[in-house]
Amino acid sequence: MSSSKRSTIIVEQLRKQQMLEALSRGKRLDGRDYDLYRNLEIEVGIIDKASGSAKVKLGNTEVIAGVKVETGEPFEGLENKGALIMSAEVLPTASPHVEPGPPDEDAIELSRVVDRGIRESEMLDLDKLALIPGKTVYTVFVDCSIINSDGNLLDATSYAVVAALLTSKFPVYEIQEDKVVNTGKTMPPPITTIPISITAVKIGESVLIDPTTEEEACMDARITMTTQSDGSIVAVQKGFTGPFSINQIVEFSEIARIKGEEIRSKIKELNSG
Amino acid sequence: MYSLKELTLLDENGIRSDGRGINDLRSIKITVGVVKNADGSAFIEFGKNKIIVAVYGPREVHPKHMALPDRCVLRCRYHMSPFSTDTRKNPAPSRREVEISKVMRESLEPSLILSDYPRAVIDVFVEVLQADGGSRCAGINAASVALADAGINMRDLVSACAAGRIADNIVLDVNDLEDKEGDADMPVAYMPNLEQVTLLQLDGKLTTTQFNECLNKAITGCKAVYEIQKDALMKKYFGNEMELKEEA
Amino acid sequence: MQEIKRRYVIPGDKIIEGNYKPLMNVVKSGNYLISTRVGIAEAGKDGVKVIPLSGVYIPRVNDLVIGKVIDRSSLSWDVDINACFLAHLPAQDVFGRDFSPAKDDMGRQLGIGDLIIARIVSFDRTRDPMLTVQDKDLGKIPYGEFIKISPTRVPRLIGKRGSMIQTIEQATQTRVIIGQNGIVVVTGRDPEGLSLAAKAIRLVEEESHTTNLTQRVKTLLNVQDPEDQEQSEAVEASSSSASGGGIQEPEPPQASAESTPQTTSSQPQPEPPQASAESTPQTTSSQPQPEPPQASAESTPQTTSSQPQPEPPQASAESSQTTSNSVKTSSSTKEKHKIENSEKSSNSNSNDDQKEKKQE
């Protein structure tokens, strides 16, 4: 069941006024321009026990993603493809407003939107991850833990997933006498493209990318657009109760492409380093 | 097979599988104040364990009927991230996690002056990012530091460390392999200033003599851990200045 | 008590052995006094205490707090005061005794998200904090820079006799409203002054355990420092009202009276803080002014004061009834006397600082 409860976070009225006043001058409360990202730090390989891992700090938002590669049965209808399974949990450490327990609708939307960008871009070439077609395939788990939350969990999580996958080393499984054997060797994952999501919120008529918690608490609407390396759009999610004009959407798609490329080149550096 | 096991866990020179001697702790590092939104927090690296702890409170209890009229409720959640173990862990809480949450809470509670905060709750969230044997001890160490960081009134810190048995040897700070292949594992938590034990568990067989040796060894480990906890707190609050400079 | 050296402690640290009285954040265990907090241990007037450096705000009767209205029922507002409990502001407190939920529209007075400065009128182990805005200078805060600091740093930010905050206000031409709960609102005309004041407040928060802090704040603010003005340096305002221990039983009247200067005013001085901010020339001297420089301020809504503030007009109209001119309370002679006493008791600290400064 979905109910339209307001955000549990109430922004101080005087902060909200200041925000609106700043927006009328084309500025945000933290001094950023509308299309400027917060400081983005990515650290990879932090979990030795995972095949790949990354910690992303986007402003004060902090997310860890870990990749685990095992073998299992393929999904129905996708017998010749490896299986990709994503999850995200907003840990109760993340803010005073998070209750421990099974993911709520926001957390589920979060992991599904991130999943969609990876899956639809075919970032991982799942065709290369089948072992015995129809019977045994690689199962790639990507799990995300949101440790601290200060807005735009969607993009921070998405970058953590992309960085963890990109820098991961998959174990090499072989079939010996009808049995799956871990050879102890590793291989780079079959990567075809790098999907990057860009999220913005609309407050009044202003469209701000990479929103903070405070901005999200004042938003009328939210939009996330994921582009892949060649610039084409692979996933979109419009969220929250307010509408966007067609013009705003078209303009945003251009911003998503340009900003996406900026972030993509930053993430690409991880592998060359 | 038995001799092979002995050989891997402890060689004839008394060197363990990870290169330590029988009285050595793994390397430990604690950082205080790592979760921006929390009232108190700490990150501990204990061998390969990587655990983050956030404390919220004292704060209002939800649901309200859980509140106690004369003291604060302490809640503790020990949880492992799916990528923290060798094979992926299902994110839903397991029975093991529920038990560890309980014994952790009970090991921390004696150190806290909960009667100072009636009708409120203190939440301790322990997230294991990577597990390497002894994660409950490492979690307790970080949790106690995080509680001090949150400014909860406490009588003492709680320091935890395990000791165990490999064949006839009692060893300090049992790692993952030793936990699985060794003969006994005994996690202990201890309040070093008050000299009181707040957690005691044992998995495996010990003679009475071995039990005493094991307990004493674990306490020695707790005292060593305490110094690291103390340094971490001092560093966060007073920088490198360990002494308050004052002119006579 | 002289043998107790001021020092940094963590929970469980033995401060001293012997028959001393445990005060704030100190408990007795066997023959030892031990600290319950991370902080600075020192000898108090008649015992041993620890000035804490972390912890959430624990409400105390008579404290001035800045709270955020987060909900309302038909008879009261729920106010988030950054503490372990929500506070309540009864509608009767704002509308008067003949308040009627049917007749009066509560939304016209306070809305969700509004900030108020209020006094805690009651709170104990069994009841949630109850607020009042029925006093001069209490009520809605319509505009200003919002800053959250650790409640344990509030006494340090105020300083001895309000010295620290006064320094900041004067140098930056701002007015600083401080809630004991760690919420601070800064107002002023000049955006640069505002941001400088915010910087200074952050500096105090981060380095409040260190000595010589006033000096560093002055350096940041570029304040000339005549030697004789520097009286106020100490690691902590001596009768700290910062969260000492847990939720206390109701205190005897004397005890609460003693804490009044700390808890009821950011500047326990005869002049309101706002005056010092808006009329700098008169207050540059460190002498307390016997007369509020802006006599009219008390009866005049803030927005019509001689130096208009840059707030949106509609907010000012709304707030003129409830908004205070300052967080000032009357300082009776008796209170003043106490402040002086408390200052004397900490003179040794000031001297230490003086010496240290000279060494530099």
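When the chains are written out, they are named A, B and C in that same order, and each has its own residue count from 1.
The working rule: contacts are C-beta pairs under 8 Å (C-beta built on N, C-alpha and C of every residue); 3 or more make two chains touch, one makes a residue touch a chain.
Here the structure is a predicted model, which means the values were calculated and not measured.
Chain-to-chain contact here is organised exhaustively, every possible pair of chains being in touch. Of the two chain pairs examined here, B-C and A-C, it is B-C that is joined by more C-beta pairs in contact.
Averaged C-alpha coordinates put the centre of subunit A at 32 Å from the centre of subunit B. Chain geometry summary: the mean Cα position of subunit B and that of subunit C are 38 Å apart. Computed from the mean C-alpha positions, the centre of subunit A lies at a distance of 43 Å from the centre of subunit C. Shared interface positions of subunit B, i.e. residues touching 2 or more other chains, are given as 59.
Interface residues of subunit A facing subunit B in the complex, by the touch rule stated above, are 46-50, 53, 60, 62, 64-68, 70, 87, 89, 91-96, 100, 102, 141, 143, 145, 147-150. On subunit C, the positions that touch subunit B within their shared complex are 5-8, 10-14, 25, 27, 29, 34, 36-38, 40, 52-56, 58, 84-86, 125-126, 152, 209-211, 235, 243, 245-247, 352, 355-356, 359. Taken in their complex, subunit B has these residues touching subunit A: 35-38, 41, 48, 50, 52-54, 56, 59, 77, 79, 81-88, 91-92, 123, 125, 127, 129-131.
For subunit A in complex with subunit C, the residues that touch the partner chain are 10-18, 21.
Against subunit C, the residues of subunit B that register as touching in their complex are 39-40, 57-60, 69-70, 111, 113, 115-120, 148-157, 191-194, 230, 233-234, 237-238, 241-247.
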